[in-house]
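In what comes next, chain A is part of two complexes: it sits with chain B in the first one and with chain C in the second one.
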Partner chain A sequence: MKRDWKALLLRHETILLLVLIAEWVFFYYAGTSTNRRGVVVGFGTLDRQFDILRHSCEIGLLALALTPVIITAGIDLSVASLLGLCAILFGKFWHDAGLPIPVAIALTLVLGGLAGALNGTLITKLRLPPLIVTLGTYSLFRGLAEAITRGAVTYTDFPAGFLFLGQERWLGLPTQAWIFFAAAIAIWLLVHRTTFGRSFRAIGYSPEGARYAGLPVERRVALVYVLAGVIAAVAAIIYTARLGQAKADAGLGYELFAITAVVLGGTSIFGGAGSVHGTLLGVAAIAVLKNGLATLPVVMRMNAAEEMAGLLTGALLLVALTSSVIPKLLARWHTRPHVTVSPTLKPKSTA
Partner chain B sequence: MSRYFRELSVAGALIVVLLGLAVFAPAFYQPQPLLSLLTREAPTLIVACGMALVIISRQIDISVGSQFSVIGVCAGLLAAKGWPLGFVLLAAVGIGALLGAVNGVLVAGLGLPSIVVTLATLVTLRQGLNLVRQGEFVNLPDGLQWFGLSQSGGQWTLLIAALVILGLLGWGLRHVAAGRFVYAVGSDTEAARLAGIRPQLCTFLVFVFLGALTGLAAMMNLVQSPQVQPLSGSGLELKVIAAVVVGGVAISGGRGSLWGVFAGLLLLACIAPALIHLRIEAYWEKAIQGAIILLAVVADGVRSRRGGAKS
Partner chain C sequence: MKSFLRLWLVAGLLLGSMAGAQAASSKLIVAFLPKSKGNAYFISCKAGAEKAAKELGVELLFDGPTDSNAAKQNEIVENWITLGVDVIAVAAENREGISTALRKAQKQGIKVITYDADAMPDARSFFVNQATPEGIGYTLMDEAARLLNNEGEFAMITASLTAANQREWQKHIEARLKEKYPKMKLVAVRPCDDLKDKAQSEATAMMSANPNLKLIMSICSPGVPGAAEAVKQAGKTGKVKVIGLGLPSENRRYVHEGVTDTVVLWKTEDLGYLTIYAGVALAKDELKKGAKSFKAGSLGTFEIQGDNILLGKPFSFNKANIDQFNF
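Moving on, here comes the complex of A and B:
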């Protein structure tokens, strides 16, 4: 019983939760102030908390999309570029083609899935490394978005009903948070409660082993990338609704925040292990950091919240990565290489 | 013939593009714009040589663009302080080697995947630079541009320097033991270790070398204009990786040559002017770059699958 407690306390997710709480308390005290008219402003207000939730939905969705990808020992650098492309396509369907909003959304989701299928097909059918394939599509998707808009067009004037999705509240919470929660629950169930999701870990741990165990490795891996494409399209819709405009640089650089959230959440970058709730904690830790920094008086004076957040997130990713291999390094340090006698070679006992 | 098939096919594509330009857009061949184009690409070529080594050793470095910007600004500040050119050059190469060493320690020492490590350093360096400099340009002292020579003199100097470095590295990679080690580590790390090579040291040094070459390239960029832009290197990593992959370096390591990289870089460099001369909008450049990367890796994938099926 006692050992269970210790194991639970030392779990990655528990430590991350403690870090998150510490972070939150710090910003609550350092980032909240009372302005001249005696109104409480800054981090400690409920509005600000909802704001954090609203702003973390898109990166949160991308991180959710990346969790199964990274668990299967892959990577998808193109999700944020795909977000930009889908935002533009959605704007074009609605504005230029005159389609009703629901049809435009459905078409965008389908195209997002197709873009993910492009990644998945190249990776599985041609056995190309995910890294270089998605680096190529990273450039391709963003480039297409820029080419379609000629780097200048932005689509605006969306109807109020659509903007409700991104700017209003429903049942007390920001509307898009409900979509985010639904996606989170769905992916959690998929990864943690189905044999289908369990196979992701088997594939990430050892693709050969998974193949010998009879799993359709290629199909599953391709599906993970299709899923990532669809979720990136959902994130694009929410992004467009929040800002009220669709433009080619939507979500520029989000892939870093999403990957950081996943790695911070304890998913192994080598594949084979990871959890969706860990990713959610990672997203929360980054979102609180990013928004909390903007409320600190020092950072406000320097007018450099964006840069600080990027810098700290990059550094955080390095720290998380380094700490994830420390146990392995320590183990290598302690076990000196020594010759083990295998049981079959042991001399038979002279009986 | 078959051994150099990949390099020859890139060279063939390059010749087709050049001939196409000669027929449809002869204005491309005016000497002065052509010289300027080649000089602008000289720093990219130097970084691409280093990147080729990294990719041959089965790693990748996507932080070179940020390194390039940081080194450019640092070197510019030193030059503005009145340091002589030689010392600035040494400092730039030194800073580059240091930044490369950070990546090298994390990748080779801790065994972390290079793509994620360099993604983190990419953003850390870029945002750190933005934070400190707030996007300010660095004004360079007068005598620095083109080493104080005339414009065409400076351009020829840079171009010849880049080609000499390319030649030395291309030869060394084939014929010097250290160069062969890079191939050995990239094609089979364990076999290389059993053959007495220290793979971790080799990987580390390859990253340091890329950093040093990036420093050199940043200097070659610095002397081309009277100011240093803080974002001079953004997007450089994609251009460089595209050139390396198009030039026939296998992303799975152990294969490729700098001659192929040279041809690949020239091919990509011709695209932007070709787009302009053929009256296609320049906004397509990024998409076409991505498509070319995909095309190159797909071609490699198809070829290796066919080769694998035969044997």
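Moving on, here comes the complex of A and C:
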């Protein structure tokens, strides 16, 4: 019984949750103040908490999309480029083709899925490495978005009803948070509660083994990329609604934030292991860090909140990845304090 | 495990004490947002803003995207709202995109002012307008006439034949020409797509098609060095003069070589200076809607048209003064 408790405490997700709470408490105390006009401002305000949630939705969705992909030992570098392309397509459907918003959204989601299917087909039918395929579509999708707009057209003037999705609140929370939560629950159920989703881990751990076990590996891998495409399209719609504009640079660089969140959340980049709740914790840890930093007057005065956030996110990732190793290192240290041999680590034998 | 926890605790305490150094500032905080913070144009705006902030005794925050990114501009404005600054001054990358965030700032009692590139009128109190189309058009035409002694043929390079601002400037140039300089003739108008290379080939073509051409005027910034290079390579330095709208830094070489006579732009430092003065006056309730003029420290009084504070006539950079400006 005691052993179980200790194992739970040392689990990656638990450590990450503690880090998240520590971050939150720290910023709550250091990042909240009263300004000249006597108004309470900073991290501790409800508005800021909603801002954090709002800013997390797009990267959070991409991270959700990437979790099954990475669990199957794949990678999708093209998700953020696809976000940009979908934003432009949606803008074009609505503005240039004059389609009603719901139809434009539906079409965008379908095209997002098709773009994901392109990734999936190239990976499974041609047996190309996912890294190479999605590196290609990473440039291809962004390039298409830029070509369609010639890098100059920006779609704006969206109706208020659509902007509600990204800028207002519904039932007390930012509207898009509901979509994000719904997607999170759906993907959690898929990955953790269905045999279909559990097979992702088997595929990621050993595709050959999964194949011998009778799993349709190719079809499932392809489906994971289609799902990623659809979710990237959802993120594109939310992004467009939040900013009130669709431009070819939408979501530039988001794929790296999303991958960081997934890895920070404990999903193995080699596949076979990982969890959706870990990813959510990873997204939250990065978002709180990034938005919290910006509320520290000290950081603000350096005029480099963005740069600081990048630096600390990197540090957080390295600390989180090494922290699962540190206890083992320390344990070695304590049990064999007089041994002079350098403590090289044994490779992990189980996933 | 214990020492591991201790390590975390010490690190946390250290960080906490560092951040605790924040003192509730009694100074007014003015936040200044450029389109991109590494751009020499905005760095020189910042120099003027810093001067004004020092004179007024306010704290200046200067942050912006490293590239011209509308989404990042929004995030920075939202950060400033959270921090509870008093004034936000913005050069908008995207008119609509930024306006949502600016309206939110206004709702929280933050004064919003735009400069260089405006947001939606309801999302800010005033726009510090660096140059009216009329000011630009008239200054360029008058300078061309001065150089040619009011007579001769000249040609024009624009960015594109459809861009709204370019057409507006061209309209005022042609109006001034018709009104004041009957002996001058505009023989060609060619687009360069905002590319220096294209401007160069267009200028070369213009010179061979119009042997009596005396001057090339470019109303897009890459066109000025482009035309200068063409004139220089054709060996017509001095015979065909070059003027235009552009940055001093891009044209310094040609101005010193005598190829380009005049570069017209506004003083970016003054733009930053005036913006900060106006923003602070807004926060102190000294500048109100409907004001007709505004006094900004050592720069004197500026005219206000509607909700636009006018920086005034553009500034001409030439051999005598161009080395004083580093943007």
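Following the convention adopted for this analysis, the second predicted complex is superposed on the first by the 313 of 351 C-alpha atoms of A that agree within 3 Å, B and C clash if a C-alpha of one lies under 4 Å from a C-alpha of the other, contacts with A are read in each partner's own complex, and residues count from 1 in each chain.
To be clear about the criterion, contacts are C-beta pairs under 8 Å (C-beta built on N, C-alpha and C of every residue); 3 or more make two chains touch, one makes a residue touch a chain.
Since the structure is predicted, the reported quantities are computational estimates derived from the model, not experimental observations.
Trainee: Quick one: is A:S56 in contact with chain B, with chain C, with both, or with neither? Answer first, second, both or neither.
Mentor: Neither partner.
Trainee: Is A:T137 in contact with chain B, with chain C, with both, or with neither (first, second, both, neither)?
Mentor: first
Trainee: Quick one: classify A:I75 as touching chain B (first), chain C (second), both or neither.
Mentor: The first partner, chain B, only.
Trainee: After lining up the shared chain so the two structures overlap, which partner does A:R37 touch, if you call chain B first and chain C second: first, second, both or neither?
Mentor: second
Trainee: With the two structures laid over each other on chain A, which partner does A:L330 touch: chain B (first), chain C (second), both, or neither?
Mentor: second
Trainee: Tell me which partner A:L126 touches in the superposition: chain B (first), chain C (second), both or neither.
Mentor: first
Trainee: Looking at A:T322, would you say it contacts chain B, chain C, both, or neither? Reply first, second, both or neither.
Mentor: After superposing on A, A:T322 lies in contact with chain B but is clear of chain C.
Trainee: A:A304 in the overlay: touching chain B, chain C, both, or neither? Say first, second, both or neither.
Mentor: both
Trainee: In the superposed view, which residues of chain A touch chain B and also chain C?
Mentor: Correct list for chain A: 304, 306.
Trainee: Per the contact definition, I'd like the list of chain C residues that touch chain A in the complex.
Mentor: Touching chain A from chain C are residues 1, 3-4, 8, 12, 15-16, 18-22, 24-26, 28-29, 37, 59, 61-63, 65-66, 69-72, 74-76, 78-84, 86, 94-97, 99-100, 108-109.
Trainee: Quick one: in the complex, what on chain A touches chain C?
Mentor: Residues 22, 26, 29-31, 33-37, 39, 41-43, 45, 47-48, 51, 55, 154, 156-157, 163, 167, 239, 243-245, 247, 249-250, 252, 291, 294-298, 300-301, 303-306, 326-327, 330 of chain A touch chain C in their complex.
Trainee: List the residues on chain A that touch chain B in their complex, please.
Mentor: Spelled out, the residues of chain A in touch with chain B are 75, 77, 122, 126-129, 131-133, 135-144, 146-147, 149-151, 253, 255-256, 259-260, 263, 269-270, 304, 306-311, 313-315, 317-318, 321-322, 325, 328-329.
Trainee: Which positions of chain B touch chain A when the two form their complex?
Mentor: Per the touch definition, chain B meets chain A at residues 60, 62, 106, 110-113, 115-117, 119-124, 126-128, 130-131, 134, 238, 241-242, 245, 251-252, 281, 283-291, 293-294, 297-298, 300-302, 305.
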